[in-house]
Amino acid sequence: MKRLVLIIAVVLGSFAFTQQKKTKVIFFGDSITELGVKPGGYITRIDSMCRAEGLSAQYEFTGAGIGGNKIYDLYLRMEEDVLAKNPDVVVIYVGVNDVWHKTLLGTGTDPDKFEKFYQAVLNKLKAKGIKAVLCTPAVIGEKNDMSNPQDGDLNRYSNIIRSIATKNNLQLADLRRLFIDYLVKNNPENKERDILTYDRVHMNDKGNQFIADAMWKLLKSL
Amino acid sequence: MKRLVLIIAVVLGSFAFTQQKKTKVIFFGDSITELGVKPGGYITRIDSMCRAEGLSAQYEFTGAGIGGNKIYDLYLRMEEDVLAKNPDVVVIYVGVNDVWHKTLLGTGTDPDKFEKFYQAVLNKLKAKGIKAVLCTPAVIGEKNDMSNPQDGDLNRYSNIIRSIATKNNLQLADLRRLFIDYLVKNNPENKERDILTYDRVHMNDKGNQFIADAMWKLLKSL
Amino acid sequence: MKRLVLIIAVVLGSFAFTQQKKTKVIFFGDSITELGVKPGGYITRIDSMCRAEGLSAQYEFTGAGIGGNKIYDLYLRMEEDVLAKNPDVVVIYVGVNDVWHKTLLGTGTDPDKFEKFYQAVLNKLKAKGIKAVLCTPAVIGEKNDMSNPQDGDLNRYSNIIRSIATKNNLQLADLRRLFIDYLVKNNPENKERDILTYDRVHMNDKGNQFIADAMWKLLKSL
Amino acid sequence: MKRLVLIIAVVLGSFAFTQQKKTKVIFFGDSITELGVKPGGYITRIDSMCRAEGLSAQYEFTGAGIGGNKIYDLYLRMEEDVLAKNPDVVVIYVGVNDVWHKTLLGTGTDPDKFEKFYQAVLNKLKAKGIKAVLCTPAVIGEKNDMSNPQDGDLNRYSNIIRSIATKNNLQLADLRRLFIDYLVKNNPENKERDILTYDRVHMNDKGNQFIADAMWKLLKSL
């Protein structure tokens, strides 16, 4: 009799266990996200924090970042790289190249087109019942007096993303705001790199942890 | 009796005639096409030529050009501006701004993305059974020794369009080739405007007639 | 007899007074300065204020602005347009096009070259004993949350000018700082034009008066 | 006695010979010239050819190339890097960055300013009695159907240089023309690199020899 109870308990337990669906999170973005899955990257760090908190049964994290991507690159590859994988949550982290490529290649994204393709990406996610989390682009240069060449344009595109988040009633990881606040306090020599990035754009260890902290907190709140 | 037969024949004939569905042609493009429907514009001229040849019952011509449009602008608005109108033929004339906006605004189109969005436009047309006619972008500057600043890039994007036409087995109005050949013969002072354009890009009367001739010939051959 | 002496003294005195050499001020810059000599322009306004204060015998104001000019345009034409006219003071107001032309034409000025040519201009003035007054470029867009696309780069080039002023121990009309402070207080709707400019760059009446006030005060202090 | 005369004559002759002043040639340019003095570089090759032909007593070759230089960089550093060294001949090889930096950095050179600074460089050389040899910029991309993105602009700036050479009655090494002719014949697959360059711009062994041949022939003809 005890044995039967034990068996039932085990069966029920494992049933309960296998029933709990993991929340599948895809990080969708550019090179910053591509590097996020490397050792020390922000996605790797989120995964570690998740495990350390004993929540690894509840979350699954995947990176879908490709260097140089702009919003319409995300749009063009989202069927294959995101929708086909049936995520529950997609964290969209894009905007740096939409601004940067204006001077680097002459192929940045017009602000109105940035908004249109961003909305088109969100519409496709919404149609599948996938939650979207939006991020503003952190920095191109870490000077803290708004004298990095792309600061104005980054602020403009961040405003667009903030407005899209509001319109669509979506969660926003306002990395741009967080980075600016941090740099005002923690970049006394007004250096253009080596505070949270190693090259003005891509995250060093501190930057990866900084993003991981912000995103992990937000993801748990969903 | 003979008279009755004649009457019936006439009635049937005219019925058959009015039943013949017009071929609906939409010209889909940028400012050059936007101006094409003005008096003297290339679309207006095609319509006149069509009438003069007594073919007005067979064709209907509509312009869908918007200034500044690049390939992804066409993509973003094609549902509303093209597909909703159920055309039989769509003439796609785009590429100037994809190249020009690189230096003018920093928001030109990457060549690989140009091809992807162009193919995406074609796929949507094909899915509806709509015939596509492709055009290469004529000129940005009329100097005939390949010394207009964007000549190299226009040639590159024209090569992409030619390759897309071949891959998709579609008709091509190779305006770039036709313009270059014309300018070599008809621009002895090597002027940068005022041969077929009035401002290096947009067509003067001669340019509009030149395009109308090429396109009308091609449309009748479909 | 005493009376005669008195009369002579008065005559001589007034003669001496009219002989007092006028301070010749040349405003050297781009389209903002070119427009500055028009009715209502900032130079015209400085001249009017000078007259109203009864100081017209002491100053002579000349504009030497040409639309589209960057620092190296000033360098290339300074012999003819400035040095040949033997000014006492040269107000240098440049920088907008050095930044703006990066995206507009692809021909902006590298920051290190901006500094080199600026210093070369100053060296030529110094060699002739001409006083230089430096200005920072006011705005490209009047939004007051640092979200005008060129805000970051304008701040960078303004920092360069501030640093040049310090190094050369020269007076600075920090228009950028003055405009930003004004716009924070006086642009509650965060509009991008029509506060001090009519087109994001060129001054409306208020803008011209704003600059005139700042510069006139500075010129009298020299 | 005759013998003594002969000996004296030989001694004097050889003295005269060793006294013959070497023609000092400075190659003044950008990264292509900077690399030209490396082993296998075009300047190194010219020096070797000169030695092989027993003419090393007549020529001295020096490189003055700095990566990224545009015409106004040459202007800014010519006192120190060229005039101070008292050359007899200066070979000016510039133009690639004036065109390329338009899209790469937004800081290319306006065509009219290119001409002004080029002429200013020539004026300074002429004032010192130094001979100038001009070169057109070879390639940015080796495709031979004028479909490299900068082909049009390179042709435009090459035309400017050709016109400057004519106006100033100076020798021209028309590398652009020579490269185009070579590539039409020797690039059957229409590749964009690896014919005369290794990266679309900088010379491989063949490219360095190609330039060395053209320049050495021209230098001997001066």
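Letters A, B, C and D mark the chains in the order given here, with residues in each chain numbered from 1 onward.
Just so it is clear, contacts are C-beta pairs under 8 Å (C-beta built on N, C-alpha and C of every residue); 3 or more make two chains touch, one makes a residue touch a chain.
None of the values given here were measured: they were computed from a predicted structure.
Undergrad: Touching subunit B and subunit C alike: which chains?
TA: The common neighbours are A, D.
Undergrad: Which chain has its C-alpha centroid farthest away from the centroid of subunit A?
TA: Comparing chain centres, D lies farthest from subunit A.
Undergrad: Would you mind pulling out the distance in Å between where the CA atoms of subunit A average out and where those of subunit D do?
TA: Distance between chain centres, rounded to whole Å: 50 Å.
Undergrad: From the C-alpha centre of subunit A to that of subunit C, how far is it in Å?
TA: A distance of 46 Å separates the two centres.
Undergrad: Based only on mean CA positions, could you tell me how far subunit C sits from subunit D in angstrom?
TA: Distance between chain centres: 42 Å.
Undergrad: Please list all residues of subunit A that touch 2 or more other chains.
TA: Residues 102-103, 105-106 of subunit A touch two or more partner chains.
Undergrad: Under the touch definition given earlier, write down the residues of subunit B that touch subunit A in their complex.
TA: 72-73, 76, 101-103, 105-110, 113, 116-117, 120
Undergrad: So in the complex, the part of subunit D that touches subunit B is made up of which residues?
TA: 102-103, 106, 141, 145-156, 158-159
Undergrad: Which residues of subunit A touch subunit D in the complex?
TA: 102-106
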